[in-house]
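First subunit A sits with subunit B, and in the next complex the same chain sits with subunit C.
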Partner chain A sequence: MNTTRRGLSFYLLAAFFALFVLFLYGPTATILVLSFQGPEGGLTFPMNGVSLHWFHNLFEQQAVGDFGGSFRRSIALGLMVMVLTVLFSVLAGFAFRRRFTGSGALFYLAVASLIVPSILVSLGIGLLFNILGLEPTWYGSALGAHLTWTLPFGLLIVFAIFNRFNPAYEEAARDLGASPWQTVRHVVLPILLPSLIGVGLFGFTLSYDEFARTLMTAGSFNTLPLEIYGMTTNVTTPVLYALGSLTTVFSFTVIGLFLLGLIALRRHRLRRAAAAG
Partner chain B sequence: MTAGSTVELVKLRKAYGTTVAVDGIDLRIAAGSYCCLLGPSGCGKTSTLRMIAGHEDITDGDLLIGDSVVNDDPPAKRGTAMMFQSYALFPHLDCTDNVAFSLKMKGVAKDERRRRAQAMLELVDMGKYAARLPAQLSGGQQQRVALARALITQPGVLLLDEPLSALDPFLRVRMREELKRLHRDIGITFIHVTHSQTEAMALADLAVVMNQGRIEQAGPPRELFNRPRTAFVARFIGGHNVIDGSVIGGNGDCAVRTDRILLGDAELPTEIQVEGTVRALEYHGASVHLSLDVAGADEFAVVLDEARYFDAPVAVGDRVRAGWSQRDIHPLAS
Partner chain C sequence: MTLTAETPRPSATAAAGRARRVRLLPLVAPYLQAAPLTVALLLFLLVPILTIVAVSFWDYDSVRLYPDFVLTNYVELLTSPVTWKTYLNTLKFAALTWAITLGIGFTVAYFLAFHVRSTTWQMVLFLVCTIPFWTSNIIRMISWIPFLGRNGLLNSGLISAGIIDQPLEFLLFSDFAVVLAFVHLYALFMVVPIFNSMMRIDRALVEAARDGGASAAQIITNVILPLSKPGIAIGSIFVVTLVMGDFITVRLMSGGQSASIGLMIANEISLLQYPAAAANAVVLLAVVLIMVVAMLRVVDIRKEL
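Presenting the complex of A and B:
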């Protein structure tokens, strides 16, 4: 019997996986292709020539939509969410390492918010601001709404990170005379840094493409997902696809930069070691 | 280097909730001696070490290092330094920065602390690896760096938590020799936790056998081996058969060293004789190890000199007589 022969299951599963990849990247690829539509082209195939016309068009005054402004707002919001998520997830992670009274209940309370439908969170926060007579803004109410999503996630990840963290490092630091703050500053944070960069990236991307939680909370100025959604109903030219392509490229760039940062960090540590080794 | 400190435990007790890990032990470790805390896992030896180090709160009793009670002092104030089981070298720092860590915490200037760290690395023969990261070192090299990092604090007592268990057997023997050499050279007190009686025998001036949170026996290795106080010590130290005394006309358990037993027929030149069946047989080069099924003993081993065994070889399943002298019988406390 030939044991290396692949059975039917292999081909079925391979086909299934191919479909999965196709559905994952097919739509994005379609939009990418269509964004190079000629100046006379429409929203669907066939391609009517190939051009960068719609990318140019994107940076000109639009009849509807404010692409540049919404893009800047989304990035600023994403960065704020990123910083706050990392900061508070880590602080909460430290707190939860020591069992305190009610820590279990508090944890479930925090994580249970993940299953609340996001549109309800959005609606609730919008409503609350209304009742309190506050103006909803993307940097206020929407920021809060995003944090209801990223903080529990960040907390879960930080729990996993701390679970893998060997407490002997902290004991060693204490043994060598480090104060609690010195231990955190010189031992715990540097060791966890790569993982924390991951938490930050996660927080940023969750916020950057969040739609439902922003919908009722953004106030008068749109974030990018809201803007794109608005444009799908109003804009009838491939400029929409150009926007889609550009933001996708941007997302990949951000992830790429983070990965490069991680590699550079590792290189830096290794190079210092190799220099004299 | 500073001279070693005495360490004294007075009714030292550690409880985790209702579980008692260390049950009120008394022990005095002389300055500059090499003490091994020995026992099976869960016997309380690691909890004891961690209480001495200050990484575990003392539930009850007193801990004296030098002349002062240090129960509530933080680790760095006790004049102890600990080498952790997995060494716990900081993975993001190179060897120099790892060793210099305690100096940095004290605010010693960079040049000064790097110079002293380098000198300390030279002492453990790691000078040329100063710029390596821990992940780029072998287990033995990591251990040397961990030693240097502990010693740079100039402790009076060095605490070692199973320092050799992460090494392969060959390296273990070599590092054992180096620990002993280092101990002789710097003259401070070493307290070394291990579950290996070989390690304790090879290293200790004072071996402390622990069981269920209590000290079964403390003394020089030779005393433990030749005069085990209890059946537990005799079994744990190894090289002994524990026999129910009534089988050989006495009372209470007694111990007989496995290498003092001879096999043979009626003309054995020994006063005490038992009969048994050979269950297993192992050739060890210089000696041959036999396991016998003998009434009155759970395990009964005989270690015969190779030449003596092959003068009159036996096979598995044979009925044999085993005998030994009256003076080789060592009574045990229950």
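Presenting the complex of A and C:
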């Protein structure tokens, strides 16, 4: 592999990769720019002046639905989904390290959860609540609907982690007299921690952006994606882009915080390892 | 292995009672640990799907649903030419999106895995590819409007370059826009599993092929491609199922001018024709499951983690 000169194929592939990245980020960058349209500007270029008009517009209650409320609900829901996803998938990950009756069926149920079209989950939960005479709520039925999407991802990641996990650490802890709980608390969980942060990021962002599964399960209060979707059908001003820019910046901030958290964790551990000699 | 390691030491006073608890615990622990996940999936996946199956046999009128066992919903669905046309259209979207994302996914993963030499750069570039996945799909669709619209960047660019003199109408609100958005949204689902497969290919195999006189193209087709099959299969399952069940992308990007099965179900839901939507959903689920089982013949998912 280590030939010193790079051939033509490398540059062609690099160019392809660059185009792919441009394809991924280009459109988002465009609406980021267009959300600063002047008050008279439209949905496309040219820019008609530069202003924060549309961001102001966004926060006027009557202009566009309940942006603030739906944003708060989406964050609360995302956090709940995140905590439950990490907790449930780690626990199940421990279970799957041993053989137990029904483990195969449970695994296939989780995989099925990934491939069942979202609209079916939405329809099924909506119908179920309808028949049982229950009121769908974003913190109840929508929470459950989101879990059917985040849990299988969480479980698969935890599987991948445990497959690479060296059981010698646990055996060493036991040989030194640690109880099963101490082994988990002081040996296994710290080793898993960085990956669990990843599972949490999955849980939060998948829920925060989920649309189809929320459609029939959110009840009378909208989450942010539902609010945005409502806007696409009746708003024809750059206020739509302003909202898009804000949520995108928010998503990037969340990802950035998670990455910073990971880096801080690694630094902290390196320093502790160095201090311990 | 855990059972032997946790054999209690007969030293303490309440040894017998503890011993029983300690020996019992490893036996029930997996069930307790798996319980929350199982309950969540049963309550919010299995029971709802069984509900759909049940409701698909119900009768309904414009006011309410009548629990019953009638086949009219299925008969109406399967005898309507609209259904067949819509399935054809959905399959067309799935096939096009699959082929394009596979091409992009394989090329990008191949570049990252075999042409980027430093691990740090590999991870950085991989992260660059994955970040858009964490942002809102609806916003990513909307962001094509200023680009593809009648007065969008692409049209004005082509006009000022003198290539066309009328704006191209097919760019936005068309099947073209739908497939473009699908590729934009789901290419990543191909890149990640294929990259994962390629990173596990023993580099010595590539070396050996080169020493044996294989050309770069031969190495790709005879070594890398066969060994990347599991990743390709997993990516294909993701992309195909996501496209088959989609309704929001088709609705937004075709401007209501194209149809998909998901969209058909969504429309029936909004008209409160739940039993019709349920029958449609059952058929869609069956079709998707058949496609997935076919693709699973290529790969054992549990081995790939």
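To be clear about the criterion, the second predicted complex is superposed on the first by the 252 of 277 C-alpha atoms of A that agree within 3 Å, B and C clash if a C-alpha of one lies under 4 Å from a C-alpha of the other, contacts with A are read in each partner's own complex, and residues count from 1 in each chain.
FYI, a residue touches a chain if its C-beta (ideal position, glycine included) is under 8 Å from a C-beta of that chain, and two chains touch if they have at least 3 such contacts.
Every value quoted in this text rests on a predicted model; they were computed, and no experiment measured them.
Q: Taking the superposition as given, does A:P190 touch the first partner, subunit B, the second, subunit C, both, or neither?
A: First partner only, subunit B.
Q: For A:A172, using the defined touch cut-off, is the partner it touches subunit B, subunit C, both, or neither? Pick first, second, both or neither.
A: First partner only.
Q: Which chain makes contact with more of the residues of subunit A, subunit B or else subunit C?
A: Touched residues of subunit A are more numerous for C.
Q: For A:A242, is the partner it touches subunit B (first), subunit C (second), both, or none of the two (neither)?
A: neither
Q: For A:S251, using the defined touch cut-off, is the partner it touches subunit B, subunit C, both, or neither? Pick first, second, both or neither.
A: Once the two structures are laid over each other on A, A:S251 reaches subunit C alone.
Q: Quick one: classify A:R269 as touching subunit B (first), subunit C (second), both or neither.
A: In the superposed model, A:R269 contacts subunit B only, not subunit C.
Q: What part of subunit A is shared between its subunit B contacts and its subunit C contacts?
A: Looking at subunit A, the two contact sets intersect at 171, 174.
Q: Using the touch rule from the top, collect the residues of subunit A that touch subunit B in their complex.
A: So the residues of subunit A in touch with subunit B come to 166, 168-169, 171-179, 182, 186-187, 190-191, 193, 269-270, 272-277.
Q: For a test of understanding, state which residues of subunit A touch subunit C in their complex under the given definition.
A: Counting only subunit A, the residues touching subunit C are 1-2, 6, 9-10, 13-14, 16-17, 20-21, 23-28, 30-31, 34, 43-45, 84, 87-89, 91-92, 94-96, 98, 100, 102-103, 106-107, 109-121, 123-128, 130-131, 144-145, 147-148, 151, 155-156, 159-160, 163, 167, 171, 174, 180, 201, 205, 208-209, 211-212, 215-216, 225, 228-229, 232, 240-241, 243-244, 247-248, 251-252, 254-255.
Q: Using the touch definition up top, name the residues of subunit C that touch subunit A in the complex.
A: Answer in residue numbers: 1-2, 5-6, 26, 29-34, 36-38, 40-49, 51-52, 55, 104, 107-108, 110-112, 114-115, 117, 125, 128-129, 131-132, 134-140, 142-147, 149, 151-153, 156, 184, 187, 203, 206-207, 216, 237-238, 241, 244-248, 252, 262, 265-266, 269, 274, 277-278, 281, 284-285, 288-289, 292, 301-302, 305.
Q: Going by the contact rule at the top, pick out the subunit B residues touching subunit A in the complex.
A: Against subunit A, the touching part of subunit B is residues 53-55, 74-76, 80-82, 84-86, 88-92, 94, 101-102, 104-106, 129-133, 136, 149-150, 153.
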